[in-house]
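One chain, chain A, links the two complexes that follow: it is found with chain B in the first and with chain C in the second.
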Partner chain A sequence: MPKIIFVSADGVTREVAAGADQSIMQAALAAGVPGIVAECNGAAACATCHCYFDPAYAACVGEIGEQESEMLDFAASERTADSRLSCQVRVMAEMDGMTVRVPALQ
Partner chain B sequence: MNRVVIVGAGQAGCSAALKLRALGFSGEIILIGDEPMAPYQRPPLSKAYLLGKTTAEALQIRPLSLYRDQRIELRLGCRVIRVLPHARRIETSTGSLDYDHLVLSIGARPLRLDPAIGGALGNVFTLRSIADVDLIRPVFSAGSRLLVIGGGYVGLEAAAVAAQSGLDVVLVEMADRILKRVACAETAAYFRALHAQHGVRILESTAVRRLDGNGTVARAHLSDDEVLATDLVIVGIGVKPDIALASEAGLKLGNGIEVDVFGRTSIEGIWAAGDCASFPYAGRRIRLESVPHAIDHAETVAANICGAHEPYVATPWFWSDQFDVKLQIAGLNANYDRVVVRRGGRPGAISHWYFGGDTLLAVDAMNDARSYMIAKRLIAAGITPDPKSVADAAIDPGLLLKAYAVSADRKRVSLAGEV
Partner chain C sequence: MTSAAPVISDVAYQDLLNDPYPIFKRVRDTASAVFVAAANLTLVTRFDDIVKIERDPVTYSSDNPTSLVNKVMGPTFMRKDGAEHATGRKAIEPSFRSGTIKEHWTPRFAEISERLINSLSGAGEADLFHALAAPMASLSLMEMIGFKEMPWETLALWSQFLIDGAGNYARDAEIERKAMEAGSGIDAAIEAVLDHHRAHPNPSILSSMVHADPPMPIEEIRANIKVIIGGGLNEPRDAILTLTLGLLANPAQKESVLVKPELWPNAFEEAVRWISPIGMYPRRVTRETDLSDVMLPEGLQIGLCVGAANRDDRRFSNPDMFDIFRPRQSHLAFGAGAHFCAGTWVSRQTVGKIVVPMLFERLRNLRLREDAPPLIRGWVFRGPVSLPVRWDA
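And now, the complex of A and B:
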C-alpha cells in the first residue's frame, strides 16, 4: 500500500497508507486527515476536497477533467498549477512517498 | 455521565458523531441505526450503485476502523422504539439506554403506492436504502420493461440508469410536467429532451390508476386509459419524515420534527438534524433533503451540544447525475418570478438563474460548473448580478465576484483537528 503524506495548511504532517482502489480523498477521510470536507462524497460536485499535489508525481496523478477544472477556478482556496479535486485522483502504487498539501479553506 | 445518543446512523448521524469528537467532546457517543450497514451515502443508490458500478462497501461514509479510532460506538441493526424525555431514556429493540443529549437524525421514508391500487405487488419498489436497490438489481436487466412513477430527481436518475442498462423505460408524472416541485419549466424541458434522446418515454399529466398482476406486477392502468405491460415498477413519489417516534415523545411537529435555529427540538436535551427536521429559514420553516444540508445541520447541532450557541444558516445546494449530464443547483428557488437562461462556455453547458423581484434566488447549472460555482458564491454573499449580464454569454460573471471581499462567504473554515 503506497504511503501518502498529507500536509495541512499549518504544517502538520500525517502519513497515510492508501488503498489501491481508493481516491486520494477517500484515503484521507478514512485516516481522519483534517481539512478535507468532501460534501459530495466524490461526485465532483462540491470542490471541498481541493488539494495541492506534488508536481514530481504529475504523471501518476493524471489529467484534469473539464468540470473539475472549472470548479477549481472558484474553489475556496487559491488554485495553483498543482491543484486537483482529490476525489478525482486515484491512488496508484507509484504514489508511494507523494506529498499532498491540504489548503486552509474548502 | 456524559453521553450523547444519536438515533439514525445515516449522513446526519455520522456527521454529528464525527463533529462532536472533532470539537473535543470527550464523553460517550453512541450512534444507533436500524439498518445493518454503517452510515453510507444514498446519492449513489440511484446512480453508480444501481448501475452496478460500485459496491456496498464503497458507499460507506467512513470505514469502520475510524469509528473505533474516534471512540464512536456503533449499534447497528438496532431500532429505537420509544423516547422517554423525562427520564432522558430511550428504549430500543435491544434494551434501554440513558442519555444526556439525544440527537434525532432519523431521515425520511419513501412514500409508497397504496396497496389498494397494487402498491404491495411483487416487483414494485421504492429506492431509499441499499436493501431496496439489492431487491431491484436482480430484475433490473436489459430488455425488462420498467415503469418509473414520479418525475423528481430520484425517479429521473433511476430512469437514466435503466435506459443506460438497456431496459425499456416509461416514466409517468401526475403533474403537468416533470420536476414541478423542484425546478423551473426550462430545466424540466432540458431533462425531458435529454431522456427522450436516450429513449425514455416520459408521460406528463398522467397518473397510475392501478397496477395489477398475479402476485407480481404485470400491467399498469394509466389515467389516459393506456395499459402498459411492465416487469418492474420504481416508485419515486417523494419522502415523508417518520414522525411516530417524535410524536409519541411529545415533540412539536410540523413538516417533520420542528427545531429552532440552534437545532433544538421543543424538549430540553433533544436535538434533530437532516431530512427529519424542519427549521427556520428566511422567515419561514422548511425541510431540506440533501447531503450537504444533512452534514451542515448535524455539525451545527454537534457544535451547539458542545456549547457553541451557533445558529444554523443553510446555504442549500444539490446535485444530480443523469446520463452524461451533471446538474448542480445552488440556492432555493421558492417564489421566483422569472428565469434567465445563460449559455455556458462548453458545448451543451447551460444554466438557469432564478430571480424573485430583484434578488437572485437559485441557479440550476447543467454541465456548467463554472456558472454553478459563481452563482453559489453570489447567493451565499447575497449579491444579485444584473440579469442582463447573466443572459449575455459574452460577459464573464466571474467578474462580478471581484466586487466583494473573498472572505465574505467563507462559512466553511477547515480548522486543524476537524474531521
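And now, the complex of A and C:
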C-alpha cells in the first residue's frame, strides 16, 4: 500500500497507508487526517476536501476535471496550480511517498 | 448496550410546528434514534450520527419507490442512490457551475433584487415575506429553470402544493388534488419551452437537461424539475428572511456586518445553521444495523433532522443563539454526502452576497416592529412565515 504524507497548514505531518481503490480524500478520512471536511463525501460539490498536491507526482495525480476545476473556485483557501479536490484523485501505487498539503481553511 | 429505539408519545404535532427545538433536544438527549409518535417517524437528531449515515448510502438509502415524493413528482434523482443519482445530478451541473453563477446568474439576480427593493423602498413598512423574499426566490428560480415569465405567485403556489403533497402522510384528498394540479401545470410549462431550449443551448437547467449526454428522458425531466421547484423556492426564501431576522434581532452583529462586509458569508452560514430551511429529510434502512447503540430494523424509515443536528450542543456551544462570530465549523443545512445540495453556491451568492446586503444598504434604519412580531413555523421545512419591518422612507 502506498504511503501518503499529509502535511497540515501548521506543518504537522502524518503518514497514511492508502488503499489502491480509494480516493485521497477517503484515505485521509479513514485515517482521521484533520483539516479535510468532505461534506459531500466525494461528489465534487462542496469544495471542503481541497488539498495541494506535490507537482513532482503530477503524472499519477492526473488531469483536473471541468466540474472539479469550477468547484475549486469556491474553495475557502487560496487556489494554486497545485490545488485539487482530493476526492477526485485516485490513490496509485506510484504515489508512495507523495506529499499532500492540507490548507488552513475548508 | 444496543436496544430498540425509544418512543416519545407525549408531544403534539402542533408543538413540532411551533417550536421543534426543545423536542429535538429531548430526542437528542434520549438516544441516537427515537420514534416520535406525533411525527409517525423515527428521528435522528445528533450531528455525528447524521454524518455517519450520509457516508453510508448502502445501509441508509435514499431510494424509496413508495415515497410520497415519488408519488407526487415521479421518478426523481433525490430518491436514488449511486450511479442513477449521479447521472441525474451531472445533467444539471452546468447550470450550477461557478463560472455560470458569476457571469450569468449573479447579474440577473442582482437586477431582480434591485427591482423588488426599489419598488418597496417608498412604503416605509412591509412584510418582507411577500414583499421581497417570496418573489425574489420565485423569479430567480423561474429564470434558472428556463421557464417563460409568469407571475411569481404561480410558481410559489406550485412549490407549496408539491411540498404539501410530498408531506401528505395523512393522505388528505384535497392536498393530493392540488399537488397533482400543480404537477400538470409544471408539465405544461416545461412543454412550452422545451423546443426553444433544444434549439438554443443556454445556462438554464432545462437546457442543461436536454443537452446532457445522454439527454435526460422527458419523464425524468418532469420529475426532477418538480423536485427543484419543491426544494428551490422555499429554501432561498426562508434563508433571506432568517438572515434578515437574525441581524435585526441582534443589532450589534448587524452593525459589525455593515461596517465589515467581508462578514456576510459568516452571517449567511450562521443563519442557515440557526434556523435550517430544510429541517428534516428521510432515509430508509436497508439492513438491520446498530446506530450508536440503537438497533434499527431493515426497512425502517428514518428522518434525519438536520435542523436539530445544527443545534447539537455536543458540537455547537450555545446552539440556540444567533452568533455570526462563532468559530467556523461545518453545519448540515445543505445536507451531506452525495445529495449535498446542488443549489448551495447559488444560494450563498444570491442570499448572502446580493439580496440581504442590498436590503440593509437601501432601506435606511431597517428595524423590526414591536407591535407585530415575526412568525416562524415548521419543522420539516422551517422559516419565518411573516417578517413585518419598518424603515425610514
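The criterion applied here is as follows: the second predicted complex is superposed on the first by the 106 of 106 C-alpha atoms of A that agree within 3 Å, B and C clash if a C-alpha of one lies under 4 Å from a C-alpha of the other, contacts with A are read in each partner's own complex, and residues count from 1 in each chain.
Keep in mind that, in the parts below, a residue touches a chain if its C-beta (ideal position, glycine included) is under 8 Å from a C-beta of that chain, and two chains touch if they have at least 3 such contacts.
Because the structure is predicted, anything quoted here is derived from the model rather than measured.
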| item | value |
| --- | --- |
| Which superposed partner A:Met25 touches (first chain B, second chain C, both, neither) | neither |
| Per-residue touch tally on chain A - higher for chain B or for chain C | B |
| Contacts of A:Ala104 with chain B and chain C, given as first, second, both or neither | first |
| Which of chain B and chain C A:Cys51 touches, first, second, both or neither | neither |
| Contacts of A:Phe74 with chain B and chain C, given as first, second, both or neither | both |
| Partner chain(s) touched by A:Ser8 [first = chain B, second = chain C, both, neither] | first |
| Chain B versus chain C as contact partner of A:Glu39, first or second or both or neither | both |
| First (chain B), second (chain C), both or neither touched by A:Val61 | neither |
| Shared chain A surface residues [contacts with chain B and with chain C] | 37, 39-41, 43, 45-46, 48, 67, 70-71, 73-74, 105-106 |
| Chain A - residues contacting chain C, complex | 37, 39-43, 45-46, 48, 67, 70-71, 73-74, 105-106 |
| Chain B residues touching chain A - in the complex, by the definition given at the top | 22, 41, 43-44, 58, 61-63, 65-66, 69-70, 291-292, 295, 317, 319, 321, 326, 328, 345-346, 367-370, 372-374, 377, 398, 401, 410, 412-419 |
| Chain A-touching residues of chain C, taken from the complex the two chains share | 54-55, 86, 89-90, 93, 97-99, 328, 330, 334, 336-338, 340, 342, 344-345 |
| Chain B-facing residues of chain A, complex | 8-10, 12, 21, 29-32, 34-37, 39-41, 43-48, 66-68, 70-71, 73-76, 102-106 |
